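The following blocks contain the structures, represented as structure tokens.
Each of the two complexes below includes subunit A, the first together with subunit B, the second together with subunit C.
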Partner chain A sequence: MSLKMPSLRATAAATAVVLGGAFALVFFYAPNDADQGFVQKIFYVHVPIAICALLGFVVAAIHAIRHLRTGDAVHDVRSYVAIHMGVIFGTAALLTGAIWARAAWGKWWVWEEPTLVSFLIVYLLYATYYPLRYAIADRERQARYASVFAITAGAFVPLNFMAVRLAESLVHPRVFATAEGGLPGSMMLTFLVALAGMALLFVTLMRFELAAKATRGQISRLRRALDAGGAAGTSSRIAPVAPAEGGR
Partner chain B sequence: MNAFKVMLAKDLRVELRTLQSLPAMALFAVTTFVIFRFGLDRTSLEGSLAAGVLLVTVLFAALLAINRLFVAERDEGGFDAIRLAPVDPSSLYLAKVAALVVYLLALEAVALPVFAVFFLDGAEGMAPLAGILLLLDLGLAATGALVSTIGANSRARDLLTPLVLLPLLVPLMIAAAGAAEPLLAAGGPAYDEVGKWAGTLALYDLTFLLVGYAVYDFLLED
Partner chain C sequence: MPALPLDEAGKYVAGAYVVFVALLGIYVAIMAVRIDRMRAELADLAELAERQAASSAEAKREEVRT
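== the complex of A and B ==
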């Protein structure tokens, strides 16, 4: 994120184009699955969302390390936003996954599928990020503790996937082929475009939230400068603070 | 290393004199066994059910100790003392991990025989099971000491620690259950997958000991 990025508007436009293209490919180009038929097309939404959520957690851990090394609050905000988006995408992945599971296997939830179970555990862990963060009043300490959490959870993700996969007996058949295995070219292409589109969406949403936070911070700074001497806002939260109403 | 020894000795001495955690943990474990006896309506257990009852009981008894681990530091200014003292803050982490392992071993020294008497037919699997429990204790202590520090310094206190800790412990419990299940199998212990799970437990312990040791300084900074 520290590289020179294209403008927010350009990123948003690229997201719209690629994601729109991906959906066009999904509906008009990729063939219907021989087994599952039309329902299988949710694969092009579900799997990229899940991958983006996990990548978001990795990005959050990297920013958390940089935050602890440099003490620069900007990395903490990025780490927060990455986890925030990761949890939102994770919710979407669990919901689309449940819909797909219902259509393909007849059940909303299947304990035998290790990827599903691992993802749920990771999701439950990251969901505790918010109570942890808001339980700490001091702003700097909050940022440091949140970074420690992001790093610990980052180390947890691969361990968790390993443990859950080991827990499935090896004779259990893999119910659906993974993205790399046995996908015909047209499906693979559609999947990759959908993945790129979803990743762009993730980045765009992250940057929107970062921009919103920066703007909000600037507004409250300006407002404080304006009524200097008046009671300054003393909120210790980094997350969305509703701008005070009628405070001119 | 010296600071580590001093702090560990302090913790153990305080526990010996006040007996705040250990009796409560042991009592909690025994009562939980009784509840399981009626909750499951079984008088003898084997295999995965036995592993689940034993490990869940140990986990929740451990939560009692983990929640109390930093109460003295928080209430009596121990955190400030560590910040002022010219010692590596990580030695506090290691001392707390070691103290927790000692507590958990003491708990299991009571809970495991009681469990065997209540629910098991024989005691053949006990020796390897004790080894598995030691690996479990290390993992519980490594993550527990880290999360407990966060909880102790937050407003939510007793609420936050179990909330964050439980999902973090899921892989550890998966591995421990995987190892304990064949050891508690009906008709004597089997050893088929124990090695695989013991390796997973060791990997978890090592990972979180390293992570805890690496990040602990940042929790005490102020």
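== the complex of A and C ==
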């Protein structure tokens, strides 16, 4: 089987280069944080992952709107894959955040911290997307309900973000804030390269998943066509073609 | 917040990056399994298509004979 996707290859190569460069900058270029020390290096992976996860949910909402407007199933698939990637990135954000919290605060999780809890709420909200989607057997209804969910939950993401920003308790450090002296140029550059690398990784994995889904769909169509051809053969005088199930 | 000494902070930083790489590895492994299944199914379908083509050729030959 040849899956020729030059644009996907180009994206994958760019991801490897940018992400590799970002990690090199993290460990060989960016200085240690004056307050947190070496532990702050976790943020170069944790923050971009969290940003990409949340942006993925917003992208899913945009595709869901397009799906409801046009009825084109392609947008439903894109919305699904964006949520899928967002949940994977969200898992990584929660795990890396917990590791940082353990190092900085001595606890894996702090329930009093609005940033953490709000991110967990968003993550758990999207975790319910799968059972909701697959509880509906009818394909069209499933896609429509999933789109409504993606739009509603997607609107919740920026609202949630703003609510947390407005909250007074800021135990969670704003390590990349530009106020009070701001972030040194070397740290900002490293962060931006890491963010670009993580965004490229998100796009690459999304394209990979979409390509795999498209191939899966084509295989199913091919099987249906061949099975129909085999069934037609049974009505003739020729021995019927045995349905091939072994490869499933 | 006081900075942790490097020997203590190092394990947490390594842990965070290892978690990231591990998750990526798990995802790639799952996708590899899925693609492998698709490859097997394609081979299966190719065999089915060849059998159908052979059957229809045989049918044509039989029609010519009769």
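Criterion: the second predicted complex is superposed on the first by the 201 of 248 C-alpha atoms of A that agree within 3 Å, B and C clash if a C-alpha of one lies under 4 Å from a C-alpha of the other, contacts with A are read in each partner's own complex, and residues count from 1 in each chain.
One rule holds in what follows: a residue touches a chain if its C-beta (ideal position, glycine included) is under 8 Å from a C-beta of that chain, and two chains touch if they have at least 3 such contacts.
For clarity, every value in this text was computed on a predicted model and none was experimentally measured.
Contact with subunit B, but none with subunit C, is seen for A:I136 once the two complexes are overlaid on the shared chain. Subunit A is touched at more residues by one of its partners, and among subunit B and subunit C that partner is C. Looking at the shared chain after the overlay, A:L55 reaches neither subunit B nor subunit C.
With both structures placed on the common chain, the touch criterion links A:W100 to subunit C but leaves subunit B unconnected. With both structures placed on the common chain, the touch criterion links A:Q36 to subunit C but leaves subunit B unconnected.
Applying the stated contact rule after C-alpha superposition, one finds that A:L222 touches subunit C and leaves subunit B untouched. If you check the complex, the residues on subunit C that touch subunit A are 1, 3-6, 8-10, 12-13, 15-17, 19-20, 23-24, 27, 31, 34-35, 37-45, 47-49, 51-52, 55-56, 58-59, 62.
Partner subunit A is touched in their complex by these residues of subunit B: 143, 146, 150, 153-156, 159-160, 163-164, 167-168, 170-172, 174-175, 178, 196-197, 200, 203-204, 207-208, 211-212, 215, 218-219, 221-222.
Every residue of subunit A that touches subunit B in the complex is listed here, in rising order: 68, 121, 124-125, 128, 131-132, 135-137, 141, 144-145, 147-149, 151-153, 155-156, 159-160, 162-164, 166-167. For subunit A in complex with subunit C, the touching residues are 1, 23, 32-33, 35-39, 41-42, 45-46, 49, 88, 91-92, 95-96, 99-100, 102-105, 173, 201, 205, 208-209, 212, 215-216, 219, 222-223, 226, 229-230, 233, 236-239, 241, 243-244, 246-248.
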